[in-house]
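After this come two complexes, each holding chain A, first together with chain B and then together with chain C.
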Partner chain A sequence: MSTESDHAKTANGTMEFRAGTPGRGGGIPLFAPPPVDQIAVEERAASLAKRSIKKAAKVAGLKLAIRMMDLTTLEGKDTAGKVRQLCRKALTPLDSDPSLGPCAAICVYPNFVAIAKEALAGSTVKVASVATAFPSGQSPLSIKLDDTKRAVDFGADEIDMVIDRGAMLAGDYAKVFDEIAATKEACRHAHLKVILETGELGTYDVVRKASDLAIAAGADFIKTSTGKVQPAATPPVTLVMLEAIRDHYYATGRKIGMKPAGGVRTAKQSLHYLVLVKETLGDAWLTPDLFRFGASALLNDVLMQLEKERTGVYQASEDFSKD
Partner chain B sequence: MSTQELSRTKSAIDKSTASLALEFGHAWDYAPAPEAKDHVRIQPRYDLFVGGRWTAPKSGKYFLTTSPSTEESLAEVAEASAEDVDLAVKAARTAYEKYWAKMRPAERAKYIFRIARAIQEKARELAIVESMDGGKPIKESRDVDIPLAAAHFFYHAGWADKLDYAFHGRKVRPLGVAGQIIPWNFPLLMAAWKIAPALACGNTVVLKPAETTPLTALLLAHIIEEAELPPGVVNIVTGAGPTGAALVAHPDVNKIAFTGSTEVGKKIQKAIAGSRKRLTLELGGKAANVIFGDAPLDQAVEGIVNGIYFNQGHVCCAGSRLLVEESVHDVVVKKLKDRLQNLRLGDPLDKNTDVGAINSKMQLEKIKELVAAGEHEGATRYSAPCALPDKGYWFPPTFFTGAAQASRIAREEIFGPVLTVMTFRTPDEAVEKANNTMYGLSAGIWTDKGAKIFWMAGKLKAGVIWGNTYNKFDPTSPFGGYKESGFGREGGRHGLSAYVEVV
Partner chain C sequence: MDEKKETAVAEASAASTAGVSTKKGGPLATAGSASSKARLRVAKAYKMYVGGAFVRSESGRYFQVKSDAGQTGPDPETVNVPRGSRKDVRDAVLSAKNAQEPWAARTAYNRGQILYRLAEVLESRKDELVMSLARGGLSADDAAREADAAVDRSVYYAGFADKVSALVASHNPVSGPHFGFSVPEPLGVVCVVAPPRPALLGLVSTVLPVITSGNSCVVLASDVDPRTAVVFAECLATSDLPGGVVNVLTGHPHELATQMAKHREVFGMDVWVDDDKLATDVEKAAADNVKRVKTHGLPAVEAWLDESGAQGIGWIERFLETKTIWHPVGL
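Now for the complex of A and B:
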């Protein structure tokens, strides 16, 4: 049993945001998301992966995927030069075909928000910044909120936060909920994407729980992964999260967005994710406003497939800019 | 949002009657993805496969087999008369005495393995022909029917030389000539279910495929020919009811195995009463698919779809009665409605087709008649809003809510893509309603509690019970019914006893 003093010991300032009774498993009374059957949900995701997407459907799907992409660089070795190059790529994914793109957003660390903002000025491409002590989230809440506020001050249009997976697995749902709610407040006008880091959550049941918590706490988007943990996005995990979004829509009419991130590397994979969205949530979600891919390597493979469809032959990978 | 609101959200989902429907339109359509069929060779005419030879029927008669999705004729097929059946049984008897019963079991296994491998090698062709002749979606014939047919031959080939260990140390001997009559819903798979155990146990076979779907059994005859089985070990006689009746009535048949309607099953049982023929019957069903409130509902909805719309509901073990706990009835129905919008009905050869054509005009009429009865009895009908092709036999995925336990749609086997949804309040009531049928072939149980699955499985009078899944088949697992769903088991060690005498 957790007690008040256990929580005081964490000394991370979350107490003031607590909505429910703190405690392991007893965090939020009556909070009982539906169970998820692992075998059946994996089977469903696999069956949707068998949809055959050819010709016009393939081209339309891949063009849509480009417009849904959050082109991402999140490395210790990121520089202003690298970020500017990536912005350029997001604006014009393929010089020879200006009808493609632009991508939905650039996703960077807070230090590069201002640079990206400048490089993308006048365009529709958003700047997303990770925040809240990304990727582990293992810092006091005050630092996470400060991280968020600064990123917004730098000009971020979107904030990609991480949840406290430790608290999630320990059953301290109130803490997870409160931190998301507080971050949402700190975002002000910026859109909030909540990264569940599903690769650390262990079961689909916990993924579903975390999805429901994040949505209830104010997430505009829920996102699978930081890209720093394996496995990152998978089709069944995405399906579970889409189902949480669907139930929330049924109950409230509010549309939450979805972002699989990490592990989506090929054009074919991206089409399968679009199939999942199309057949789980329908037409309304087939837009960059409600579905994004967090990816870096994906774009060039999509471009290569589109060029193949246009010309009938595969180009060398060297024919596409590697930003 | 506060935690109180959160819990309210949860209960709102459960009780929601709001009209927030999702839209599954044309924002991003799939292009047609037809499976190429140009390499598939269907002969203009098929004779009978008797004694290892293709022989013209003594009757001189042929009938047409057509594609239910296009109404085009695919081939002429021989109609076996009583005389032809007699020749086939004689060939099987000769093969039994001369070759098959004398052969070392390990040698028998080699032939059966050969058949299994050839089915795998020709899987694509078999799948295409199955979909053309029967109307089922290519994704099902490709991913279910054909691989399972091969698996049944592989599995039983393995038993051929181990029969001495299958019956608690007791020895067995084959029965002799087995007469086997199979239905049109899984043409090749049912042929495999019948032929593989019979051969493994040392019997020879006369098989009669259904008259609407004879083609894959005839392709299997070609495979058997190429596998160089001794002549007469497997004989394929095509024809309709009278051909089957001649086979049942033949005095030199030792065993009849029938899969089909309860009505015909009863006739067969009458016909062979008093004879020494052994009999197994796998007949109709009206299975309960039971969904408890604590079930993983999104996956349960997939289970409902797989239970009743798989193979257009032409499945004897289809989950055609949905018993859903009243507390989650509305949310399950809402989810099911949205799910139905995503079922793609159309060309069976399109790789994205989920629901194919109804197998025959006659079956379509039967479905329509029962659906009309359901409407007349006051149940509420919902059909998927999909366009039906102009040619061929089609019925949209449909379900009824508010049906009475006593109504025809809750009692009679529809054998089509039509589900009857009813509610229960307690587990005991669920058991009572699930068992309240003349059938007892299969059932499904959906709950997050393992103990409840086991508790309920022990109380259901059904031969096959699935927990948190539906319509899963495996050659190692015995399949068969209670009550008017028949007797005898197919598959697994239990299935062997239908083809041997324990000595």
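Now for the complex of A and C:
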């Protein structure tokens, strides 16, 4: 864990970072994210969303989107039954077409990890668990680490942690960095996704800063949102994060994954995100190992569009299982 | 205000209305007479009404309608009206689907209040409706008669909203210690292909009974006089009716009716066309999800004015589903 001596104030007052543990963070010695041009980012994201994707390309894109999906249920009213149901849906999204899916993962609270693990045994579908006092992250570090360790002990393959947005906005980057690094350690073999909760960060500059920070601290994935705050994932914010991943790849050769979550509801939106990824990071990232959608409502819309392409008839929502 | 200023303002306004330029006039002075100045024509863009918003066709297509010869009004002789497409149907059905449950969840009394509010708005904009009908080719008398009937029909269904269930529901005699209730429920999204004439009354007479009971509706307006349907949509938009409960498309039945019939989110079709082949195509396409389909020829315009035939609880019942419940009798 880093201490005060690891960080130093520069002459102009910005914090310089050295990664807390040697080897972690891919060796970026200083923390100096570039500024983000808001207008350019928004225009580029909007222009990439104008592409028309039809017929075979649309079907291929939507099938890929299903395999990239982290099917999510994070409600206070979740039950074992609902989680099992969601696992079935992740394994065979559409009964009538077994070639679809399976989804990449299902994302649940720690209490349901063991249940999901059992329901998904023998499949490729991963179990992701939120941890670190999700969704606010406003608890002592020891509790967050304990939360993480227990989720991993329950069998989680992936941990979705939240950063302390209060600390991020207050400029206490060292705290944010150290918490991510410590959580990474607590994850052991499990993959770590770091939720920035961009809806609370205010500007793209802070989003970029948080992205670089999370990547340097050891994130395997960076993720936009918890889904509990509006706005959640948006194309421009995703673009900013994808550019952070790209710059890190150019600097170190290490590939970080991306997960927009919340707010992606329609098949068309999901295709636009795939375009963003392809245009920013290239084909190498168009795989469930490096790109995920955190969603619950999206899957049914994608299935409805695929059925529409297959049959030529617009589908009714009540023909598709809700969970 | 002191006296001097007041006088100056009065002089200036007098000068401007008289068209006389004065040095003292300032910004209120005008060079020429305001009354004789030629105004730019403010032409209206006729748009479809989908999800509570006025939209052009996503396809960008238009068709043209002509004003009847000799008619005067704000429009030029020929105006462009959106020519709805398959995707406009899709968008409208989605809006209708999203609006239907909250609409049905309102109390029947509240739906009645809103329909009565619609009648109020129609009444206050009757001149515009009459003018639009006249530009669509009706004589002034016929137009006025049709607009009156449309307002009255709205009042009629407003009154029915909270009475339908009492009139249609039943307590059934059953053998055994049970109560048997049959209660009406709305179907969901119902698509209407309105008759070409009467453009307003046909639309009102087919759409209102559908929504009175809690269905939502996508209606394809008359393609002979689509402008009046747009004016009607403007009345809907200002009448407390939630967006999406009625969606008004303009376009051609032979392009859109089968698209409506194919859509699986649609549960009922009410089709008024003078084309047997189209009616058959609609019935075939609707069979996919076993929609309730009513196809009709085109009755004479007079028949729509007939209050004994063109309105009634039977019109509401056509798009209701009956739910029967058995409940054990208590001790």
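Methods note: the second predicted complex is superposed on the first by the 293 of 323 C-alpha atoms of A that agree within 3 Å, B and C clash if a C-alpha of one lies under 4 Å from a C-alpha of the other, contacts with A are read in each partner's own complex, and residues count from 1 in each chain.
We take it that a residue touches a chain if its C-beta (ideal position, glycine included) is under 8 Å from a C-beta of that chain, and two chains touch if they have at least 3 such contacts.
This one's a predicted model, so the numbers in the text were calculated from it and none came from an experiment.
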In the superposition on chain A, see if there is space for chain B and chain C together, and answer fit or clash. fit
A:253 in the overlay: touching chain B, chain C, both, or neither? Say first, second, both or neither. first
Tell me the contact category for A:56 with respect to chain B and chain C: first, second, both or neither. first
Dominant contact partner of chain A by residue count, chain C or chain B: B
Regarding the shared-chain residue A:100, is it in contact with chain B (first), chain C (second), both, or neither? neither
If you stack the two complexes on chain A, which partner ends up touching A:313: first (chain B), second (chain C), both, or neither? second
In the overlaid three-chain picture, find the nearest pair of C-alpha atoms across chain B and chain C and give that distance in Å. 5
Dual-contact residues of chain A, meaning touching chain B and chain C, are none
Taking the touch rule as given, give the residues of chain C at its contact with chain A in the complex, in rising order. 90, 93, 97, 262-265, 288-289
Seen from chain A, its contact residues with chain B in the complex are 19-20, 28-37, 39-41, 43-44, 50-58, 60-61, 64, 174, 177, 181, 212, 216-218, 243, 246-253, 274, 278-279, 281-284, 286
Can you name the residues of chain A that touch chain C in the complex? 312-317, 319
Could you please specify the touching residues of chain B with respect to chain A in the complex? 1-3, 5-7, 9-10, 12-13, 16, 18, 20, 22-31, 33, 139, 143, 294-299, 302-303, 331, 334, 338, 341-342, 351-352, 448, 468-469
